[in-house]
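Shared between the two complexes below is subunit A, which has subunit B as its partner in the first and subunit C in the second.
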Partner chain A sequence: MTVFKAFLKILNRNKGIVIMYTVILLVFGVTNMSTNNSNNLFTASKPSVLIVNEDNGNISKNLVKYFNENSEIKKIANNEEARNDALFYQDVSYIIYIPKNYSSDFLSGKNITLDIKKTDTYNGAYAEMLLNRYLNVANIYQKSVSDENELINKINETLKKEVKVEVTSKLNTGELDKASFYYNFMSYSMLACLIYVICLILQVFNQDKISKRNIISSTNYKKSNRILLLSNFLYSFVLWLFYFIVSMFIVPEVIFSMHGVLYLINSFIFMITCITLSFLLGNLIRNKNAISGVVNVVALGSSFLCGVFVPVNLLPSFVLSVAHIFPTFYYVEGNTLISSLEDFSFINLKPLFMNFIIMIIFCIVFIILTNIVSKKRQKIG
Partner chain B sequence: MKKVIEVNNLTKEYKGVKAVDDLSFDVNEGEILGLLGPNGSGKSTTINSILSLLNYKSGNIKIFGKKMDTNAYDIKSKIGVVFQDVAVFDELTVYENIDYFCGLYITDKNKRKQYVSDALDLVGLKEFTKFRPKQLSGGLLRRLNIACGIAHKPKLIFLDEPTVAVDPQSRNNILDGIKKLRDNGATIVYTTHYMEEVEILCDRVIIIDKGKIIATGTVDELKNLSNIKEKVTVEVLDLSDKYIEEIMSLKNVDSVIYQNNELFVTYKKGKNNIVEMIDYFKNKRINYSKIFVERPTLNDVFLELTGKELRD
Partner chain C sequence: MFLHNFIYALKILCKNKVLIFWTFAFPIILGTLFNLAFSNISNSEKLDVIDIAVAGENINSNFKESIDILSNKDNSDKLFNTKYVTLNEAKKLLDDEKIVGYIYNEKIVVKKSGIEQTIFKYVVDEINSKINMSSSIFQAEISKEIENGNYNINYELINKKVNDQLNTKVSLNDTSNKNLDYVMIEFYTLIAMACLYGSLLSMTCLNNIMPNMSNEGKRLSISKTKKVSLILSNLCASYLVQLVGLLILFTYTIFALHVNYGSNLIYIILLSLAGSLAGLSLGVVVSIKFKVGENAKIGILIGIVMFWCFLSGMMGITMKYIVDKNIPILNKINPANMITDGFYSLYYYDTLDRYLLNVISLIVFSLLLLVISILNLRRQKYDSI
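Right, the complex of A and B next:
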């Protein structure tokens, strides 16, 4: 109780810096999440296309009509320089040159290639896809249909056909992605906060002069360490609870669902891992000024490597190989798994449970290392 | 007499250099044992080894008849330590600091409250309970350091240079407090390089140099080890070499030093040598402003035994 009371008093004396650190990281996380909201919104867009048609035939007119329906036809001054400028400034993404007698040559089965110019953009690729689609359909029918009007009708009929796609997933992907982002960022925020605060407090207890007095006292050193660990757990739990309450306001639909429960379990286990890691670091650090540096290296470094700030699928494979040595990797992977869970059968949950177990193994390793370090500290020379 | 500490053949090395060399001594119940020696002589290393804070190369240490080691919590519960460096929490107040360190030994809340109050009384910090360490002067801080070490009323107390850099008022207060602890039945091991404190406080003294015991005994016994029996000091202006030579040839005179208008004369034997000295100055019609006699100090003993001063 004596150690716990002293812990609370020391935490209280440092409350200014603790609250400031927590609030800054929380605000940073929530702000980041809100600016990231637009990531999953999609809007339909049409590529801007310029068609230079020197043919008067019906086939070419039908091609222009098709593009009129599926893209935005631009009108540019009739000279090549103006067209090139339009491409350069991306006023148009794609230019199709239809040569003279294209329709009659096409009907007679000649292999005609259309000249094109394009930008290396998504719109340029999309316009090319439209053109290829039209030409593929037209080429197929041209081999069997000789009448021009019939050919045009067949082409148009085929191009109008649509495949009905039924989305069976009932996942609210927008909200789940939001929750994943929040809980992923929470890993950085919580790890940084716990390392900072726990190291700060342990640094006070582990000063050589204080430590000597604790060691020679009749209170068992291991027991006193355990009390400190539990005291730190209490602080960490309050912090975790705080993040959880905030998430109730940000992603309420997710939190009050099975997904929410899994996010909570994942973050709770990660919190325990963070405590044990912070406790180990707190026992290793002897200089108060080194704490900020350690926070940056461990919390920020592992967050970058493990996909907290940059999605895992964008990270190079060697970075991901390194990331496996950090518990954050398994936590972030867990969040990604949770956000994609459709049903909660054991087979689907198994990879998530594996990640839980790995994080618990990290805890055990950190506790063992802490015991070794603190046992060495029982002697001063 | 019951032995509280038994140290046998203690040797501690730092990278092959012996800091403590085959040290053996006992501390008896109820006594104040002074460990006297210059800085780096091995006093703190000896105490840290006894407390099992240091691993030592060889030797045997028993406290209250039991082998002392890191996990000897029953022994540790009877020990109080005041380290040379002030070891308190800057974040806690005077009261909270004493309460914390006392709480490591005493779990009963009411008993602890009384003990903390007694410790505050002993060191005279009753008026400063709500002060933080940084608000205290050096002397008051040292007193807090002592209170934190002895609040749980230990039977054996180690005081490692508790008066270093302390003002005279605080020093007297601390020394009075230590006497009270002894009067209350505590056994005290007191390390210092201030010989005056040893003379005032200690029942027995061990002089250590280079990790070895070079002399042990009561203050009087140690002083008797000295070849010098008396020292006469005379404040006199412009004493010529002729007179100094004459004084050197006086009966029982061992050495004569004249510097800064002060004449220091040591005697190998005899009592009341000052009378002869007064007669000499009277006969020679030499005026002097002050003359006094003193017995050899522990520093003189140390100087004779090691060839260097205690505060070197």
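Right, the complex of A and C next:
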């Protein structure tokens, strides 16, 4: 009990760090989520477009209407700097400038060049396709139809025809993506909190004077070590449980299903890996001041490289091959696998189990290394 | 005496390993991580070739022709990688996510909604409407010929006419700036962080000479050295160390990570000097105004700096834009954003007014903090320590 009390005391003094990383998880885990709630119906992506319309005619109004249906029209402050900023930060992916008298010039058959600004992205390219299509159709009909209203009707009629689209996946991909994002991000908070606290505890108990005092005390050192281990485990378990409970509120539909159970198992195994890694680091670090440096480098490093902050499919391949040396990589891959599971047959689950096994192997390696390191330390003492 | 103190302050700073880690090594490590993680983002956002399949046998020849043009390797606008397969093969390809979707019996089948799927659908719509339009224009042209009493119709000529009409390129004039890589903002916030972390250096220096913070401070304050010379020498030393750190960071980010800071070196140096000055004055004011222990001061400084960096987009570039757009005043008084925005305007804008505004804001910010510090530092007396 004495050991446990000492543990709680140290934890209480450093609760700020644990709270900070938890708040980071909550802020990013909850706010950074896409609200794209897709189900079995096909929903076309809508690029965000800004139209600067200085013309009053019906032709340009119809163009705006077309973009209203097929894209998301943004309203930006009416100055060029605000527009440029919006383009840079991809608040809008495409800007169309419609000059004065566009409609009347168009009707009289003039060839008008429109000014545009665009980002070099899928959305920018798609917005340009939409604009091209509209202008093409309009140009073609303009040659044969002279009446403005009839022209607009013809254009709209042509653009209205759409091909049927069927979506095969029955998964609620929006919710599953949310869950994966949250659980991926959780690895960062968990890793940071566990390494920080466990390293600190080990540091305190391993101080020369304190460890000598403990060894000569009446409590068996094996027992006190065991309690220390259990306390660390208990702390980690409570933290993991808390993060899990939070996820129940964020993505309830996913958590109360087979997917949720798998997320649970995956994160639990990852937690164990974190504990063993923290023990190894705690035994390696001698200087108390170095802990926060190590926490930042290990937690940030593995999170950046393994696809926690940036989705795995956006990472360059050589980064991913380096990432294989971190357990976080297998955890994140596990989450990705879970989110794409449609049925839970053994063949589909096999790659997931492989990831579990790899994480467990990491645990064992960390434990062996910890033993080697602490053995060496003992000899020096 | 100034030089003597200056050299000692330098030695003290350089021997403080933890401090050197946070001000020198940490930004470099973070920059490396940014580079590894973000280097592919801009590329993967660009429109790429989309893998699709056409299933079944009965394919409209016009449709096939159009798809083939878009799948042609030599076409600079190549959009698709197209496979012609049976329905079962197409299903399998879609299941393994080898293709984005397939078209079968004039219906598109995809696994989920997304931008690639939308583009696929859009192109099919476009091809269909072109086929429809071409036949209606063709009809119209023929009836026009007949109306004119011309029964000897040259179909090839009309075909050519129709194709010309359909394929006239719309003329668009792209006026956007070519420097649109928003990942750069991450590196600018990194420089901002490094500049402001300089506050840790100036704070440590002042702690060493303040009588209420350390024994050395007590000894120094009863010596006959002038306070002004003591403080100035220490601050100069911390400024120098900070600039060396920045120089290393700049060298590393420019040559190893290929970060684009704009082309004019003088402006970059001016902004860095002003930014470092802001960091220095922040350290001074925290060191003097807050009567707490050294660790608490470090905590306060890191907290403030990280919060500022958060607002200027370090943890998510959109954050800077959201704050700039909705609560501009918050970023106008935020030195991390002044530095970030300064580099951003050098990179993105051709004019200098926004950049200069940021530099002036930084200098005003620094002077303000320094004046507050001087007012607090004058004629300090201690009844007991």
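In this section, the second predicted complex is superposed on the first by the 198 of 381 C-alpha atoms of A that agree within 3 Å, B and C clash if a C-alpha of one lies under 4 Å from a C-alpha of the other, contacts with A are read in each partner's own complex, and residues count from 1 in each chain.
Note that a residue touches a chain if its C-beta (ideal position, glycine included) is under 8 Å from a C-beta of that chain, and two chains touch if they have at least 3 such contacts.
None of the values given here were measured: they were computed from a predicted structure.
Asker: So, A:Asn14: does it touch subunit B (first), subunit C (second), both, or neither?
Answerer: first
Asker: After superposition on the shared chain, which partner residues are touched by A:Asn214: those of subunit B (first), subunit C (second), both, or neither?
Answerer: First partner only.
Asker: Using the touch definition from the top, say if A:Ile272 reaches subunit B (first), subunit C (second), both or neither.
Answerer: So A:Ile272 meets neither subunit B nor subunit C here.
Asker: So in the superposed three-chain picture, is A:Ile51 touching just subunit B, just subunit C, both, or none of them (first/second/both/neither)?
Answerer: So A:Ile51 meets neither subunit B nor subunit C here.
Asker: Given the touch rule stated above, what does A:Asn84 touch, subunit B (first), subunit C (second), both, or neither?
Answerer: Touch status of A:Asn84: second partner only.
Asker: After superposition on the shared chain, which partner residues are touched by A:Met1: those of subunit B (first), subunit C (second), both, or neither?
Answerer: A:Met1 contacts subunit B only, not subunit C.
Asker: Once chain A of both complexes is superposed, is A:Val251 in touch with subunit B (first), subunit C (second), both, or neither?
Answerer: In the superposed model, A:Val251 contacts neither subunit B nor subunit C.
Asker: Of subunit B and subunit C, which one contacts the greater number of residues in subunit A?
Answerer: Partner with more touched residues of subunit A: C.
Asker: Applying the document's definition of touch, where does A:Val204 land relative to subunit B and subunit C: first, second, both, or neither?
Answerer: A:Val204 contacts subunit B only, not subunit C.
Asker: Considering only the contact definition stated at the top, list the common interface residues of subunit A for subunit B and subunit C.
Answerer: In subunit A, no position sits in both the subunit B and subunit C interfaces.
Asker: In the complex, go through subunit A and note every residue touching subunit B.
Answerer: Per the touch definition, subunit A meets subunit B at residues 1-2, 5-6, 9-10, 13-14, 204, 207, 209-210, 212-220, 224, 378-381.
Asker: Within their complex, state which residues of subunit B touch subunit A.
Answerer: 14, 48, 51-55, 70, 73-74, 76-77, 79, 81, 83, 85-92, 96, 99-101, 103-105, 107, 148-149
Asker: Can you list the residues on subunit C that touch subunit A in the complex?
Answerer: 18, 21-22, 26, 29-30, 33-34, 36-42, 44-47, 94, 103, 106-119, 121-126, 128-129, 132-133, 137, 140, 165-166, 168, 170-177, 180, 182, 315-318, 320-321, 324-325, 344, 348-349, 354
Asker: Residue numbers of subunit A touching subunit C in their complex, please.
Answerer: 28, 32, 36, 38, 42-45, 81-82, 84-91, 95, 111-126, 128-133, 135-137, 139-140, 143-144, 158-159, 161-169, 171, 173, 289-290, 293, 296-297, 300-301, 304-305, 309-310, 313-316, 319, 322
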